[in-house]
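One structure is given here, and the rest of the page talks about it.
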Amino acid sequence: MSEYWNDIFGGAKSLVVGLNITVRELFKPVITEQYPHEVPVMKPRFRGHIELTRNEETGGANCVVCGMCQRACPSGCITVDGVKPEGAKKKVLTTYTLDFTKCSLCGSCVESCAFDAIQFSKDYNLASTNKDDYIFDLVKRLEEKR
Amino acid sequence: MTVPIQCAPDETFVLNLGPQHPATHGVLRVKLTMDGEYVVKAEPVLGYIHRMHEKMAESGTFAQFMGNTPRMDYLSALSYNQGYVMAVERAAGIQVPERAEYIRTITVELNRISSHLLWFGAFVLDLGGFTPLLYAFDDREKILDLLEHVTGSRLTYCYYRFGGVYNDIDDDFITGTRAFIKRLRSRLPSQYHDLVTGNIILIKRLKDIGIISQEICRKYGATGPVLRGSGIKYDVRRNEPYSIYPELKFDIPCYKECDSMARYMVRMDEIEQSLRIIEQALDKLPGGPVQAKVPKTLKPAAVDCYANVEAARGSFGCRLVCDGDKGPYRLKLRSPTYSNLSLFGEVAEGMLLADALAFMGSLDLVIPEIDR
Amino acid sequence: METSIWRPILFLVGIMAFAGVNAAWLGWCERKGAGHIQRRIGPKEVGPYGLWQPLADGIKLMTKQLLVPQGVDGILFRVAPVLMMIPAITSMVAIPFSEGLQARAIDLSVLLIFALASIGMMAILLGGWASNNKYSLISAARSVSQNIAYEIPMLITVITIVMVSGSMNMEEIAKDQMGGFWHWNIFRVENGTFLYMWISFLIFFICSVAETNRAPFDMAEAESELVAGHMTEYSSMGFGLFMMGEYLNIVVGACLTTVLFLGGWDCPLGLLPGVWWFLLKIYILIFSFIWIRWTYPRTQIYKLLNLSWKVLIPFSLVNLLVTAVFLKVF
């Protein structure tokens, strides 16, 4: 019998305590970020999709087309190709394609690169209804960024 | 002519719970044979999100599998990261610098708290209370911000490396973590325990519901909070110590009631213990490198080794067989929720539908981890 | 005025407008209230403070197709949502919003409202049955046992009120409580004895939460167990009517509580009695409905029935007995 009364009075008390907490929260300021109206700032280490880094001297890509990133990628989403101009020592990058539909953002490519040729971008607004929008031509992106 | 559902008084019917059901948190399907609202037989059907992680490991190099580990249990990704990394380190005989071990402990415990907070919210949501979910997410958001600051991602962290961690932590992270510990400690009594734990409705729904006896736990190999809620004090961090856990002081919460409330309390107490662990690790944090010298392509000798870690849901085991090649010959992943779910069918027999779903919530299921 | 043709027409329009506005904007209130309790904003995009959100939702619902799945009982399936709406609107005929502001002064208005409230339960039963969905069927069965269990204590407390007021006419009951909050039925003093009417009020309030299928007693909807209960198979305005009916039931419940316990249109301090006080009281009650819903987890069907049969009914019976003794003996 005492359990019965405990349930009623203890229970009623716990319910009042609960209501008290929620009503106090009601008058506190909101904490959510209004995303399309407020643009979030990405952290410095944010790992977006990769992009090519610029060589300060030449203005072109830092990439020497060694193909390490292509081999390191677990999902095979990177295609690198380059040509060796007459008399030049290094290869020059011609295509760097990232198939973002397969990419899992693991960062193996950036880690494997010995020339600081790729880095993580801070892009995050990547929604699209067209699959082809996710085949990134990184060389073109580098030129456009100039 | 339409035919309505026809049921003789003693007839049972089959209720397909899932794969798309609000309470199954993903694509779990449970075939329930029901007698009215009572469950006569429950049969979990798996395989809706099987992605062949083990096969993927065999076809790539050791480093290439790193990105898969957080995709198993996306709520406590770092534990899975750590389990795999530890297995490879054992195989290749890599010594991890002390600072890296401390950083691993701090981040993995933060991740454990965030996982428990999400479970708390989702569990109360299963019971029909929506507001505690968002209070828990408020705190979890702080953890995600902290972890994003060091790891660069918010959910599927891929932070540990063979022989260390990817990035060192900075002072911002340390002060932020200390502030978070203070904040969560001040919020736990009111926003969590007063609002939810003490609530008579919640107590009535969890007490003596879903009793998992110790025999059933042993029979199905349940681990983690499910096991500790049944009165068996087993925690990999204590029973098979790894990393720096032997140097830290913490308790293993254990309740003998075996019901859903016991499992709830185990997890809530674990949040407090994890805060204690993080605090101690931050105090003792040594200097030094965070990454050992490791060859770029690992080629361990032909060995067979096993690493076991305590993930948020139980013991995660990683058996790695190497044949001297660049990748694993075989990688067996033992995920805790698979075993924890297996006992659902036996325990849920004779329960009411509402209680069975509350019981399922108390098991803390993450479906991609069951199917791998 | 009584015999004028305009009176019924004006009241018809007025009540329909009141019902429609409440049914639509209480959804907005609920979402806004839930948002701020959870420290979010809630609707904000459509219009200032998201005030036109109900219109947008309404237009969306009306332009959707009303799907009638295979194997359902066609007639009942279509009738059920309407059956949810009509009793709720009809009940408003008998509610006295203020002195003389009542569509029809019916002598047994309390009885009429309870009779109509029971029809609302039929809508859930029929909708759940006709849907040919197992979740809906479970929901229908649950709602019947729930409604039966909670109508008993509710009616017993109403008998207490009727005994004290000596009338079953809502307007008479309200008029009996005029002149400040110490005259209200909740603080009723009869023959120099304080009657514990606040217990009746609590029981009545809990029962009205259960009767309107609101959390923590939303056994019929129970979205984490039964997907959406009796509404699972409904789309378009079929679903919309169920939602609106639910809010209208809350309004009726709040009106009833106000008239029976909180002095109707009376001001707490006896000043300027009028319809505004009535509205203020019902919206405070509705806010507490919302507040409760976003605070507690859901109960379980047997715990819910236990609460009714083991706690509310004994308490209300004892209360009835004690009140009767005080009224007659002292």
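The letters A, B and C name the chains in turn, as written, and every chain counts its residues from 1.
Everything that follows uses one rule, which is that a residue touches a chain if its C-beta (ideal position, glycine included) is under 8 Å from a C-beta of that chain, and two chains touch if they have at least 3 such contacts.
Please read all numbers here as calculations on a predicted model, not as lab measurements.
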Checklist entry - Could you name the chain whose CA centroid falls nearest to the centroid of all protein CA atoms? => result B
Item to check | Pair joined by the larger number of C-beta contacts - A-B, A-C | outcome: A-B
Checklist outcome for this item: Rounded to the nearest Å, the gap between Cα centres of chain B and chain C is 43
Item to check | Averaged-CA centre spacing for the pair chain B and chain A, given as whole angstrom | outcome: 24
Checklist entry - From the C-alpha centre of chain A to that of chain C, how far is it in Å? => result 50
Checklist entry - Got the chain A residues that touch at least 2 other chains? => result 15, 18, 21-22, 25, 31
Checklist entry - What are the residue numbers in chain C that touch two or more other chains? => result 37-40, 294-296
Next on the checklist: For chain B, give me the residues that contact two or more of the other chains.
Outcome noted: 131, 135, 138, 195, 199, 201
Checklist entry - Hey, which residues of chain A end up touching chain C in the complex? => result 4, 8, 15, 18-19, 21-23, 25-26, 28-32, 34
Item to check | Residue ranges of chain A in contact with chain B within the complex | outcome: 7, 10-12, 14-15, 17-18, 21-22, 25, 31, 43, 45-47, 72-74, 104-108, 111-112, 120
Checklist outcome for this item: chain B partner, complex, touching residues on chain C are 34, 37-40, 71-74, 129-130, 132, 134-135, 137-138, 141-142, 215-216, 218, 222-225, 227, 294-303
Checklist entry - Once bound in the complex, which stretches of chain B touch chain C? => result 2-5, 13, 15, 21-23, 34, 36-37, 124-131, 134-135, 138, 195-196, 199, 201-202, 204-205, 352-355, 357-358
Checklist entry - How about chain C: which of its residues touch chain A in the complex? => result 33, 35-41, 44, 291-292, 294-296, 310-311
